[in-house]
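Structures given as structure tokens follow.
Here come two complexes built around chain A, the first alongside chain B, the second alongside chain C.
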Partner chain A sequence: MSGKDREPVFPTRQALGIMKSKLKGAQVGHDLLKRKSEALTKRFREITKRIDDAKRKMGRVMQIAAFSLAEVTYAVGNNSIAYQITETARQAKFRVRTKQENVSGVFLPAFESFQVEGASEFGMTGLGKGGQQVQKCRETYTRAVETLVELASLQTAFVILDEVIKVVNRRVNAIEHVIIPRTENTIKYINSELDELDREEFFRLKKVKGVKEKVQAEEEAERQKKKKSSSDKENEEEAESKNVLGDEGDEDVIF
Partner chain B sequence: MAEGMFYNATNGYVEGIVRGYRSALLTGQNYGNLTQCETIDDVKLQLGPAYGDYLASLPPNPSTSTLADKTLDKLVAEFRYIQANATGSLSKFMEYLTYAYMIDNVALLITGTLHERDTKELLERCHPLGWFETMPVLCVATNIEELYNSVLIETPLAPYFKGSISHHDLDELNIEIIRNTLYKNYLEDFHRFVNEEPGIKGTPTQTVMSEVLEFEADRRSINITINSFGTELSKQDRKKLYPNFGRLHPEGTLMLSRAEDVEGVRIAVDGVHDYRTMLDQTGMGGGGLGNQSGGIGGDEGKSLEDLFYQKEMEICKLAFTYQFTHAVVYAWVKLREQEIRNITWISECIAQNQKDRVNNFISVF
Partner chain C sequence: MALDKAQYKDREFLAVIGDEDSVTGILLAGVGHVTDPPDSQKNYLVVDQKTEDSTIEGAFEAFTTERKDIAIVLINQHIADRIRTKVDGFSAAFPSVLEIPSKDHPYDPEKDSVMKRVRKLFGE
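Showing the complex of A and B:
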């Protein structure tokens, strides 16, 4: 493993420094991401719970709303009332605006419902009969739509958070199981290579030193020898000094 | 009581038929069975004896609206049959009955034209009883002015438009005001008809129909007043929508036109015992406004609408105690309509699993 799973770097001290800082960075990043993931998961659980509540609530509210529509049909006495109301509505009274909420760096869109001020569009529908039921039905449905909007914003947050949590967890795992071991391996590798180099260097130095010492010893020996011979020569020189200049074709003296 | 001698010569057959139809109306017993149903199919089964053929073509587990449509089909078929056999003043009388539905249809068509809808699909939504020959022609009109000038004045409703609404009003006025103005004119005309028509004047028809129409007029006045609270309908405009007859007319309607809240309505109707009792029964809320709050409304008192319907049904039931009168036709139509609404209500309650309110229907037999 140590052989293949490391980064392609030259085992130099500089690379070691880079790797070490990279490892440190990875660890810090891992901690941060882990914390982010935890925060998101907490939020996620909370939202899941709220979605559950909202869905149950929606079920109830929609049931009531549908029933109030039945009441309207009963009170007005014909089926065309729904059509008339859809035709009379010109402007949306119930509107939705979005805002962003920041959860650990994730932007979650949140829908906020509000009602446009002003008299209602079909305030006079069912003036002759059933008007009260119509208004009541409108209120019930407004409540139902509010619940729907709430649910919609929760659902959107749910989907986005789900995605983000997946990404973050993938990153956390990648850092934890791939990047950190690999960096550690690389460091180990660089260290071992550097040690190896050190040892080689040491050996080389030792070798060089040995050679040098040998040479020195030889030189010393030579010198000793030379010394000895020169002292002999001196004696000879005195005898042969006249020959020195005269015998130019003589062999060179090897020291 | 000279009319009794000759009534049967012309209208005896129709009256007999209508009385037969009346006997076929669902009774308390039938409703009891209906409320025990668990599914729409059970309801369909229970309705078998009364509606047999008309429900046969329904798919299993039909929606409540298709069920209601089928029951309405039966009413329409029977009405058409009677209308075909009616002669003289009865035929005219039955035409008057259809005008009310025509008003709804015309209002629907105007709404559709205002929003440039395909009028073909509007026609499908129109009430079949309010169908008149020139109604498909309304589809030709593409804008309001054209609708008014060339088409609307050709309809049987033209006299009700005349004088009260010009084509300038059509695009500005709220459609509900048009509808209620038309209805007011219609009620006044109908009232005049039953009181002045030679074949009807002095007969039990006049007595019964006057009572019914006066009640209808009062009901509309009170409803319009209560429903207009909190809307931009001014008091002058409101006053114009009150029919100019009825037990509340003129003092009551004058006071109604000045009423600012439910308490004002209560004071206005103080002179008429029936209405006062009704308002007292509904409590201060004036029609069970809080009925739905919290959903399964445990409201004991019925809403004002319910009480009005109840009263109307009682008047209609009593109409059958008279003989030699056209009023039985009116009463039968109204009773049958209520029956359709009851069936819709019960099947709605069953379909939506709200059995605790299923008994909120009105049964007089």
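Showing the complex of A and C:
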């Protein structure tokens, strides 16, 4: 336990306090991130469902649009309209802009289509014949492209959310499986080291006390002996009896 | 997070890679744009039977990585199939690549690169 995977700290009470607050922080962060990840996943599932629907809808819309284009080709009579259209395209009238939407701290872009002001580009298209069909076809396709833009923003949100969820989950896992166990290990290590120190200290105190008691007991025994002998020959060695060890006045040494 | 505003601020055009009918129709909606000369770049590519795969790849590359003003790339699904590895390999958020059905080829959700990811995520 001591060697593997803990932070390089000295086993002191201060470090223990730091580690404890770190563990608490990691747990709070883990909870928050987990909740965030759940919120994002919920959103993500919603979006995937909408993409699924939108993709199917797109199939129908494009079919209608293709049919209206077929009407135009039929009305115009030949296929020259395609060349006309591809060659007259100069400035885009239909453009998109991006706005942001904030989902629990993640900015999801959403495309928004808009028409640039100005004269319609294909004013001359179908002037000879089929002008009405061209007009209708253009409206149909504009709507179709709007659907596509909507779908594209869903798809972009999908891609971004996918990425963000991966990042958040990676963090959650890192906290859960690396940071928290490591901090707990460090706390355990510090605690065991501190306990060890405590035991050492206690043992030494006990040892010191034992030595002192032994010395005292010897002193006592000596004194008793002296007392006995002094009661035999009174007053003779009175001065000596006091000072057998010569350590009076010495302070006890405590380590 | 992980998203820089500069990445998409200037993106305002759509690009199309498709067969003649799809491109015609979408351009009719007013999507077509040609940048100013001298390097007048079109934002559409008409693909027919004779178009080489390398040309499509080049256009796809140009629309997705080189040009910074394109927000959405529309590509016909049967054309995307021809450069499938490139389309599947593209995973950035911008521009977003959209596979659309064409007149002759109905839409097949099984092939779509995004739908593939969706299904993979839900373990189907």
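Throughout what follows, the second predicted complex is superposed on the first by the 203 of 255 C-alpha atoms of A that agree within 3 Å, B and C clash if a C-alpha of one lies under 4 Å from a C-alpha of the other, contacts with A are read in each partner's own complex, and residues count from 1 in each chain.
To be clear about the criterion, a contact is a pair of C-beta atoms (placed from the backbone, for glycine too) under 8 Å apart; a residue touches a chain by one contact, two chains touch by 3 or more.
Because the structure is predicted, anything quoted here is derived from the model rather than measured.
Partners chain B and chain C fit side by side in the overlay (superposition on chain A). Contact with chain B, but none with chain C, is seen for A:Q133 once the two complexes are overlaid on the shared chain. Within the superposed three-chain model, A:E71 lies in touch with chain B and out of touch with chain C [touch as defined at top]. Using the contact criterion defined above for the overlaid structures, shared-chain residue A:L151 touches chain C, although it does not reach chain B. By the touch criterion defined above, A:Q63 reaches both chain B and chain C. Once the two structures are superposed, chain B and chain C can be ranked by residues of chain A touched, with C on top. In the composite built from the two structures, the nearest CA pair linking chain B and chain C is 5 Å apart. Overlaid on A, the two complexes show chain B and chain C touching the same residues of chain A, namely 63, 66, 70, 120, 125, 137. Within the complex formed with chain C, the residues of chain A that make contact are 48, 51-52, 55-56, 58-59, 62-63, 65-66, 69-70, 81-82, 85-86, 89-98, 105-107, 109, 111, 115, 120-122, 125, 134, 137-138, 141-142, 144-145, 148-149, 151-153, 155-156, 158-160, 162-164, 167.
Chain contact summary for the complex, chain B toward chain A: residues 64-65, 68-69, 104, 107-108, 111-112, 114-115, 117, 125-127, 174-177, 179-180, 183, 219-220, 223-224, 226-228, 230-233, 241, 287-289, 291-292, 295-296, 303-305, 308, 337, 341, 344-345, 348-349, 352-354, 357. Of all residues in chain A, only 60-61, 63-64, 66-68, 70-71, 73-75, 77-80, 83-84, 87-88, 119-120, 123-133, 135-137, 139-140 touch chain B in the complex they form. Of all the residues in chain C, the ones that touch chain A in their complex are 1-3, 8-9, 11-14, 20-34, 42-44, 46, 71-72, 74, 91-94, 96, 98, 100-103, 106-107, 109, 112, 114-115, 117-118, 121-122.
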